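Here's a structure for you.
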Amino acid sequence: MAIVDSMNNTRLPMQVTPADWPGGYWWHWLFFTVILIVFVLVMVMGAIYIERRGLGRMQSRLGPNRVGPFGLLQPVADAIKVLLKENIVPNSADKVVHWLAPIIAFVPAMMIFAVVPFQNGALLADLNIGILYVIAISSVSTIGVFMAGWGSSNKYSLLGAMRNVAAVVSYEIPLVLAVIGVVLMAGSLSLNQIVLKQDIPFILLQPLGFLLFFAAGCAEINRSPFDLFEADQELVAGFHTEYSGMKFAMFYLVEYGEAIAMSAIITTLFLSGWRGPLLPPWLWFILKTLIIFFLMVWTRTTFPRARIDQLMALAWKFLFPLALINLFITAIQILVWPDALPWILIFINIAIMVILILLWSKFFKLGWGRIEV
Amino acid sequence: MTVALSIKEIASQIEKKYPGSIEEAAPNSLIVKSDFLLAIAGYLKDTEGLKFDYFNYVSAVDYYTYFEVVYQLTSLEHNHTVIIKTRCYNRENPTVPSVTGLWQGANFQEREIFDLMGIRFEGHPNLKRIFLWEGFPGHPLRKDYLQ
Amino acid sequence: MTTTGEITFKTEPFVLNFGPVHPSTHGVYRMRATLDGEVVLDIEPVFGYLHRGIEKLAEERTYTGFIPLTDRLDYISPMSNNLGYCLAVEKLAGIKVPERAEYIRVIMAELQRLANHCIAVGSFLSDCGAMFTPFMYMFREREKILDLFDMVCGGRLTYNYMRIGGVSQDIPDEFLPALQKFMGTMPGMIEEWENLLKQNEILLARTKGVGILPREMAINCGISGPVARGSGVKWDLRKADPYCIYDRFEFDIPTGEVGDCYDRYRVRVEEMKQSLRIIKQAMEKVPSGPVRAEVPHLIRPPAGEAYAHIEAPKGELGFYIVSDSSIAPYRCHVRPTSLINLTALREMVKGWKVADLIAIFGSIDITMGEVDR
Amino acid sequence: MKFERYGIGLIKGMVVTIKHLLRHPTVNQFPEQRLNISRRFRGNELIWSRERCTGCASCAKTCPQGAIEIVTATNLADNKYEVQKYQVDTGYCIQCGLCVEVCPYDALFMGYSYERAKYRRGELVQSDDELLESPQRPASGYFHPEIAEKLPKQTLLVEKIVEKRK
């Protein structure tokens, strides 16, 4: 957590920390670190449960229902099972890299949560460059994934890892461009500030931005239909083919941790974070996060997987230009018409989104057969 | 309905083109000499009115004194079919020309026959054992094969 | 780096081994693929992991005793295998099958076609990465068909139902009402999974124009069944060489135009609808009477040879039987549909991506039991 | 204007899956919920009737696997065949049912039971009294319609789903 530590020195003054907080800053740090780790682990278990049950019911079967009431303890049972498994390292593997990879992949997934506000000011570090931090950190996982692919000395792993690197590098760009629209609207890079600015959720003001961010985010965190880094039909299990035991569990944790993180970021950026009537803010936040996660499960159930060249083409020919256009439109709207009534903007933006998507679908077909990247 | 062409008719046609190539015109099959097999197969495939463009199967039967290789050809255009056979009497090193060049579909089947029956197909692009491993003793479908 | 600024990388193709244990090789198929990055340069199929010497076993069993073993050829569609073998022996021995048995045979064969295409389509879509959802839906449908088979012959995988000269036993009284019920639900179910993926843009992009098998090559390679019909070869043995009583039913032969994966998938779904049509016509006219001709159990067909072929779900399935008028076949050759359909795979996948290799392979629909025998 | 290729296919598919989420699943939880198996079920054990068996060995002849071994002797006192040993190697049996079909005296039945796994390979070889019918080893109606009538009706998935949808 050294990075966070050093960054904390440059943070803004804590806004809503209780004035009588004992020990002040360090207690805050410890408290939130523990909370975050517990939160992430519990949410990952919940996510696994939701995914497996949701997938099951959508496939007209039941999903896990044996361990505990309604199978709620299934993730725990899985975790225990996977911890007790033998840790196998291939003979020809690069041992150090193979050992280090899951950790390097896992830590960034946790670190993203440092800047996610659970309610007003309730966050580990209210960085004024929060969203930049998120984007920077979230791509570090890729290094871990590539180390896993390389260190396993398995061709399937290597192919999966190379796909991952290529995809993440490409999808960072539409991801960032989609975020900039939100940042323009909010006028701040701090996630807490962005939430505070969302009197109307930005999903209505930035519908295209939401779609772009969702698609790019799905690709970045390896969710269907862009889950071709571990495409089990082609690459067996992609980069973690050669992993077992605890290290496999770490990758599993990374997968769902990143999904939860991405859902949390989307919630913060587009769904007005913790804001909502009646319920306490943290509950709103978790609810919205889970809804976004369920959306990911839903797409995963339904869609086939794109091919690697189509994935690239989608990033560069579809998402990237649309993200640029979205950015321009947002900028123009803010410059020219800063005091516009929100509902007019909502209407205009949704119309623009529909027109743009139809237009681009006309221009760009998702690789009708052979396609040059 | 797939019509089995009259063997006599085809036999006379072939005899006219390649004299001495027919060994026997059985009631439902045409037995040709293996030297002429490729030529006759090519003739059957390309001649107007015959056009046997579809290769159903190739099989081989061990009759102790000789091996019989059976080909069935079908014409999708005219919807008729013919069975041609060829025999090889050499038990030590039975050899038949390969028809893979004419019909790709014979590729794996000829390899299979080579594997299980031990008949060599001259001119096959990749004549290797297909089901059994290299070095498997003997050819199991031969009648004299004992475990 | 040359003076013109072109970077010349020297990349070497590498060999990736698919199978025999791989999630999507449909059994124990193995291929050594030579890849240039993600592009498939060449593949070399390796067979024999499920070779049981069925043809040799036939020579040591009675004519009736071989019927249970034909179940194990193409274990996805055993009814068709039984039918093909029985037809060959009947042709050899000149046996006339009673009318009622003919109708039952046709119903069974067409139900088998439905069941087989359920698996074929489901696993193909799953090979395209659709996360088992279509697979599950289609297995649900297949389950209903297996229930019917179970009711008739007491087995769910190895039916052993057809006999030389008819079928083993009459259908129970509750069979036709159950079939009626099934026929009532099936079109709706087909509709449902058509909605699921028929127009899915990602699936279109993955399959349209991918793995084109030209008509000429299909004929030259001896390809049969839905794969050939997908390439536009209007060849169906039920029409071209009607066996059983197929000349009494009205049905169409669906064909594709391009010969790509999508066409093959469409042809299979259309064929299912045609099968429903045939069953509907057949079940209305099932006559009463015996279901089995008077055939001795240890039948000794006259010396000679016979080749009978049927339009099995996967293509032309033929049995070439040589008899020496003993109780066992002198030689029994199986024309393996799956093996011959694989002939063109090498040409079809050259130049496509790894993901396409799996999709194309899945669209051919093979069973290793029949390939290796 | 057709809206294919504009994302309509994606949405249609998502509607199908969400419908399934709200629908009753079609699976059964096996050990607790059991379906009635087919009346003609070919279970994994043969049932043999000592009284009816005449020792003709038709079953042994027809068995494609050679799993049935039968030893007969002439009983001079009664002046008829007597079965001394009737042995089935269930490990070799492929449950094809040909022996039941061929038995001229209705002395053989397929088993109706399942879950009859054994711990040792040797236990799979069953002979004489082990093969008789017992409450744990009921006979199936395969090729014996008179038995099939008495067995419970098979549950069909088709009917189950129709019931639940109502």
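We call the chains A, B, C and D, going by the order they appear; numbering starts again at 1 in every chain.
Methods note: contacts are C-beta pairs under 8 Å (C-beta built on N, C-alpha and C of every residue); 3 or more make two chains touch, one makes a residue touch a chain.
It should be emphasised that the depicted structure is a prediction, and the values quoted were computed from it without experimental measurement.
K.L.:
Which pair wins on C-beta contacts, C-D or B-C?
P.N.:
The comparison resolves to C-D.
K.L.:
Taking each chain's centre as the mean of its CA atoms, which one is most distant from chain D?
P.N.:
A
K.L.:
Express in whole angstrom the distance between the two chain centres, defined as the mean CA positions of chain B and chain C.
P.N.:
Using C-alpha averages as centres, the distance is 25 Å.
K.L.:
Could you work out how far the Cα centre of chain A sits from that of chain D, in whole Å?
P.N.:
51
K.L.:
Using Cα averages as centroids, what's the distance between chain A and chain B in whole Å?
P.N.:
Result: the chain centres lie 62 Å from each other.
K.L.:
Where in chain D do residues touch two or more of the other chains?
P.N.:
Residues 5, 7, 10, 13, 16-17, 26 of chain D touch two or more partner chains.
K.L.:
In chain A, which residues are in touch with two or more of the other chains?
P.N.:
Each of 58-61, 301-303, 365 in chain A touches at least two other chains.
K.L.:
Going through chain B residue by residue, note those that touch at least 2 other chains and give them in order.
P.N.:
Residues: none.
K.L.:
Kindly provide every pair of chains that touch.
P.N.:
Listed by label, chains in contact pair as A-C, A-D, B-C, C-D.
K.L.:
Can you list the chain D residues touching chain C in their complex?
P.N.:
4-5, 7-10, 12-13, 15-17, 26, 37-42, 58, 61-64, 94-98, 101-102, 110, 140, 142-143, 148, 153-154, 156-159, 161-162
K.L.:
Where on chain B is chain C touching in the complex?
P.N.:
1-2, 53-57, 59-62, 70, 72, 76, 79, 83, 103-109, 112, 116, 129-133, 140-141
K.L.:
Looking at the complex, which residues from chain D come into contact with chain A?
P.N.:
Counting only chain D, the residues touching chain A are 5-7, 10, 13-14, 16-18, 20-21, 23, 25-27, 29.
K.L.:
Name, in rising order, each residue of chain C that touches chain A in their complex.
P.N.:
It comes out as residues 14, 16-17, 22-24, 38, 125-133, 136-137, 140, 196-197, 200-206, 208-210, 260, 351-358.
K.L.:
Considering the complex alone, what residue numbers of chain A touch chain C?
P.N.:
55, 58-61, 155-156, 159, 163, 224-225, 227-228, 231-236, 300-310, 365-370
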